[in-house]
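Both complexes shown next keep chain A, but they swap its partner, so chain B is in the first and chain C is in the second.
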Partner chain A sequence: MHSNTRAPLGLKFAAIGGLIFLLAPIALIFVYAFTTEEKSFQWPPPGLTTKWIGVTLGRADVWEALALSLKVAAISTTLALILGTLTAAAVARSRFFGRETISLLVILPIALPGIITGISLRSAFSLLDIPFSTWTIVLGHATFCIVIVYNNAVARFRRTSGALVDAAMDLGADGVQTFVLVILPNIATALLAGGMLAFALSFDEVIVTTFTAGNQTTLPIWMLEELVRPRQRPVTNVVAMAVVIVTVLPILAAYYLTRDGEHTAGSDK
Partner chain B sequence: MSGFDTTQPAIFTPRSGPLSRTVDWVIRHPRMFVFLMVLPITLWLGIVYIGALIALLIQSFFSIDEFSGIVVREFTFKTYGELLRPYNLDIILRTVSMAAAVTIAAAVLAFPIAYFAARYAKGKWKALFYIGVMLPLWSSYLVKVYAWKLVLAKEGILTWLFAKLHLTWLLDGLLSLPVIGGNSLSVSYTGTFLVFLYIWLPYMIIPVQASLERVPGALLEAASDLGATPRQSFRMVLFPLALPGIIAGSIFTFSLTLGDYIVPQIVGNSRLFIGQAVYTQQGTAGNIPLAAAFTVVPIVIMGIYLWGARKMGAFDAL
Partner chain C sequence: MTDAVTFRGVSRHFGTVKAVDEVDLAIRDGEFFAMLGPSGSGKTTCLRLIAGFEQPTAGRIEIFGERAEGVPPYLRNVNTVFQNYALFPHMNVLDNVAFGLRVKGVGRAERHRAAEESLELVELAGYGARRAGELSGGQRQRVALARALINKPRVVLLDEPLGALDLKLREQMQEELRKLQRALGLTFVFVTHDQDEALSMADRVAVFAGGKIQQIGSSEDIYRRPASKFVADFVGSSNVVPADLAGVGAAGQWASLRPEDIILDASGREATVTGKFFHGRVTKLSLNVNGQSLTALIPAHETTPEIGETTHVSWEPSRAHLMEHEA
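== the complex of A and B ==
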């Protein structure tokens, strides 16, 4: 629906007011990253400085947390891509006993509140005598990342004709060739979109992580500690700004790449 | 291969290489193929995850010995009875009322944004609205909470804004109110409410906008041609058509608020929400049965909620 008439004034004010509510807090982070005030959240900032950016860049704990977050996100996304694609292929292509159950099973970790998934996994790990490590964080993240890849892949599999696979095989391709030359190119963009979403979700996850991480600190856990017990406000300000910049760029890119009415990958998070 | 040799049988000879041969064998046995594909997910989600979930739920039927603090492994409803104690019942009521308040406010706030974006915004405005919704949606959860800590701080921008507008009396009046007030915004229910509203608002805007975009503009023109006032066409045409979208959005805002334990921990007074109660019961208090019983509460509430939403056709709007 689209109208060429002008919007009523009241509606316009309400909509723009809503927009300010949505964007102002994020804009505020950019101002605070340059404030000279160290001890409080004083507004307006008494002065502006760029020295905290340098201080943050020199902080080993921030870099370590970032590295761990990237590592966890990369491994869990890879795991989710493999498991999600396999499951999607099975569910989309064949009928078998327990098919409906599996499609429900995959959604469950994201449909239930994160705290429930977190506690369940924690008790499973202690029951199986698995010590907390990077790998327990990865398993926790992969658990809820699978559904993202699965959703994207299953939709694509349903739209791809099964005749393509049959044709490839009739023409003499073996299973591996069929997968690499026919199936993979067809589902590649769906996997890319799903993989990006899964990566972003894992990179930002905090609730499940608090239950599955031992003494490991991912970037969100670092942020959380800083929120509960602020020690270095200026450094937190700069880290927050950096995280916003990292999230803004893909959104802008997605918008400019897909603005001609294409369905954007992020619009169904 | 060069052309077809009709003297040869149509079935290819077995391929060389162990990988190709194994793959071929699997493909010729469809049941095996499917079995192998779903095996990893069944092992992980079906056995480890579901097993742990069921183990957790079973624990809610155990109880804790009040003197020794040891879990008694006998079937009982005693732990569920404990949920009805005034202190615990307060936690549940507080969380559900917060979730309801956040959901209603999100619907009211989302509607004009979604309606404007769907019907009137074009060009630069359309881009601005897209970014205005996507940026808060995709920004890190903790960064958003942090941003609100900056906004709500006693020395922060909101207090400053009220002072500049000579409205400090209004803020003080609000904070002196019995339930929603507190020492400052960042330690009051109002603060918790605002942060929840901010964080989950995009989840309401997106489905509402999707449902509004499907409303033909001619329908509204027809309503006004037939003599409906703007208020009437909103109430009788636009709102009923947007309702599935609003309900779809409310599923997100309601369930996400029910399960959250980080926001009330960082912005709010010391009174617990369900998520925090679960966290402290399983952690420091060591009362796993009560923690398990508490996790059943949001599951049951959301089960009822989803059942109702399904009846109203909300799932078509997702």
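== the complex of A and C ==
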């Protein structure tokens, strides 16, 4: 009806205001990554320099934190891809008593505040006498990564008609061939998207990490510590800029991957 | 000669639901066999039992003399054309058709050549590079058929294969399926709820209801000599009338009287017209004869009485069929 009329001026200002509110802080982080002032954030920056990128690259603590974050994200994502896909397959394909309950329980870790997940994991690790290590961080991250993968996979499983599996078996494919040649290609983009989102979430996670880490420092934790003890402040901004780029790209890719393919695979009339 | 498929006392129960209940069946080698029945009558479950997607709760299934219970679908020399075709959306037409050879380990060049041949058989030569989504319903149906034929099965199962097509295309495909089946000499087992389709295509028809077979016979048998009220009514909406009224038996027995066998006849019985529907070739009259409702199909060229009028009808008693079963 109104699709051809232009948006009223007020609405335009509101939209621009909203965007500024959302994006200005991020822009500031980018700007301060290039400031010449080291001790405090001064507006406007007294001068611009790219030397902090070099300084950041030369600091071993940054590299260690980055390596740990990448490692944790990669392992928790892999774990989540396996467990999340299997759970999704079970929930989407078969009917059993308590199916809906299990579906809800799987989603719970992401619905609960991270602080609850963190506290419960910490007390569980203490009770079981598990020392805090990289692996406890991985376990903590895997809890919400599984949910992400599960949600993506379960939707795709529901859209992939069970008749395709029947057809593959009918034509002579055994279980493994059916999975590799028919199921996997049909859920691949969903898994890729879920995996990227999970990776991005794990990469910038702070709360659960705080509770499940020992003296390990992931990149987000390192940044938090840097803010408390200011030393070469713009280095934090350079790292923040890198984190923004590393997390935004996979999320954008995931968005484009799951956007198309709206119809149910294999059940078109 | 060994029968293609035999069922002996086969049941498939889902909890308390008896989807298939003690069915005995013998499908002959090389015949076009139709399983006809309303939805939920057990015909599709029977097809899935032959394909191996379901396992019987009880009874014995043989495919060309070999026990089939417990044998998974991928080890059976039986292929299926699925109701909504179930073409693989991530493959083009050629790879869809070649799938059966691919999982057997046949090389790329050879399986693509065989797939081309199979596509030619269903008159879709040159469509190999397209995606399933780019094809019309009729073309998808042909691809599904080509895919099912590539493994050279001895039995081809077709699950309501024409259900999604429009009338004209459906009639064309009926003819082609029949031709193809004769040319290849294969056993086709065809599930449908459309009695016209079953009667016109099949050598023999099994009529299903409530998980049991009501009658097995040639199309003409089923139509002319229905064994029960259900068959008489489901196949061709026959009139089920007391046998004494039909003139073929005693009171208490039932007879089937086809609507097209009732004629307008001034010397016949008195009948009141309660409904009249013009169908083009014929006019359908709903009649009341001595308190018994009858449906008659009168050729369109005859003058038919109006609703509420009294007319006279008769039929050849030899056309009425005395039914063995009450139900």
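Note that in this section the second predicted complex is superposed on the first by the 240 of 269 C-alpha atoms of A that agree within 3 Å, B and C clash if a C-alpha of one lies under 4 Å from a C-alpha of the other, contacts with A are read in each partner's own complex, and residues count from 1 in each chain.
The definition used in the following text is that a contact is a pair of C-beta atoms (placed from the backbone, for glycine too) under 8 Å apart; a residue touches a chain by one contact, two chains touch by 3 or more.
Note that the structure is predicted; figures quoted are calculated from it, not measured.
Q: For A:Ala60, is the partner it touches chain B (first), chain C (second), both, or none of the two (neither)?
A: After superposition on chain A, A:Ala60 lies in contact with neither partner.
Q: In the overlay, answer first, second, both or neither for which of chain B and chain C A:Gly172 touches.
A: It touches chain B and chain C both.
Q: Once the shared chain is lined up, is A:Val243 touching chain B (first), chain C (second), both, or neither of them?
A: First partner only.
Q: After superposing on the shared chain, does chain C or chain B touch more chain A residues?
A: Looking at chain A, the partner in contact with more of its residues is B.
Q: Who does A:Leu9 touch here: chain B (first), chain C (second), both, or neither?
A: A:Leu9: touches no partner chain.
Q: Classify the contacts of A:Ile146 with the two partner chains as first (chain B alone), second (chain C alone), both, or neither.
A: first
Q: Is there a shared patch on chain A that both chain B and chain C touch, and which residues make it up?
A: Touching chain B in the first complex and chain C in the second, residues 169, 172, 174, 266-267, 269 of chain A appear in both lists.
Q: Note which residues of chain B are touching chain A in the complex, please.
A: 1, 12, 15, 19-20, 23-24, 26-27, 30-31, 33-34, 37-38, 40-42, 44-46, 48-53, 55-56, 109-110, 112-113, 115-120, 122, 127-151, 153, 155-157, 159-160, 198, 201-202, 206, 212-217, 230, 255-256, 258-262, 265-266, 275, 278-279, 282, 291, 295, 298-299
Q: Please give the residue numbers of chain A that touch chain B in the complex, ascending.
A: 1-3, 6-8, 11-12, 14-15, 18-19, 21-26, 28-29, 32, 40-44, 82-83, 86-87, 89-90, 94, 96, 98, 101-102, 105-106, 108-109, 112-117, 119-121, 123-124, 127-128, 139, 143, 146, 169, 172, 174-176, 200, 204, 206-207, 220, 223-224, 227-228, 236, 240, 243-244, 247-248, 250-252, 255, 259, 266-267, 269
Q: Along chain C, where are the residues that touch chain A in the complex?
A: 51-53, 72-74, 78-80, 82-84, 86-90, 99-100, 102-104, 132-133, 137, 147-148, 150-151, 164
Q: Report the residues of chain A in contact with chain C in the complex, numbered from low to high.
A: 161, 163-164, 166-174, 177, 181-182, 185-186, 265-269
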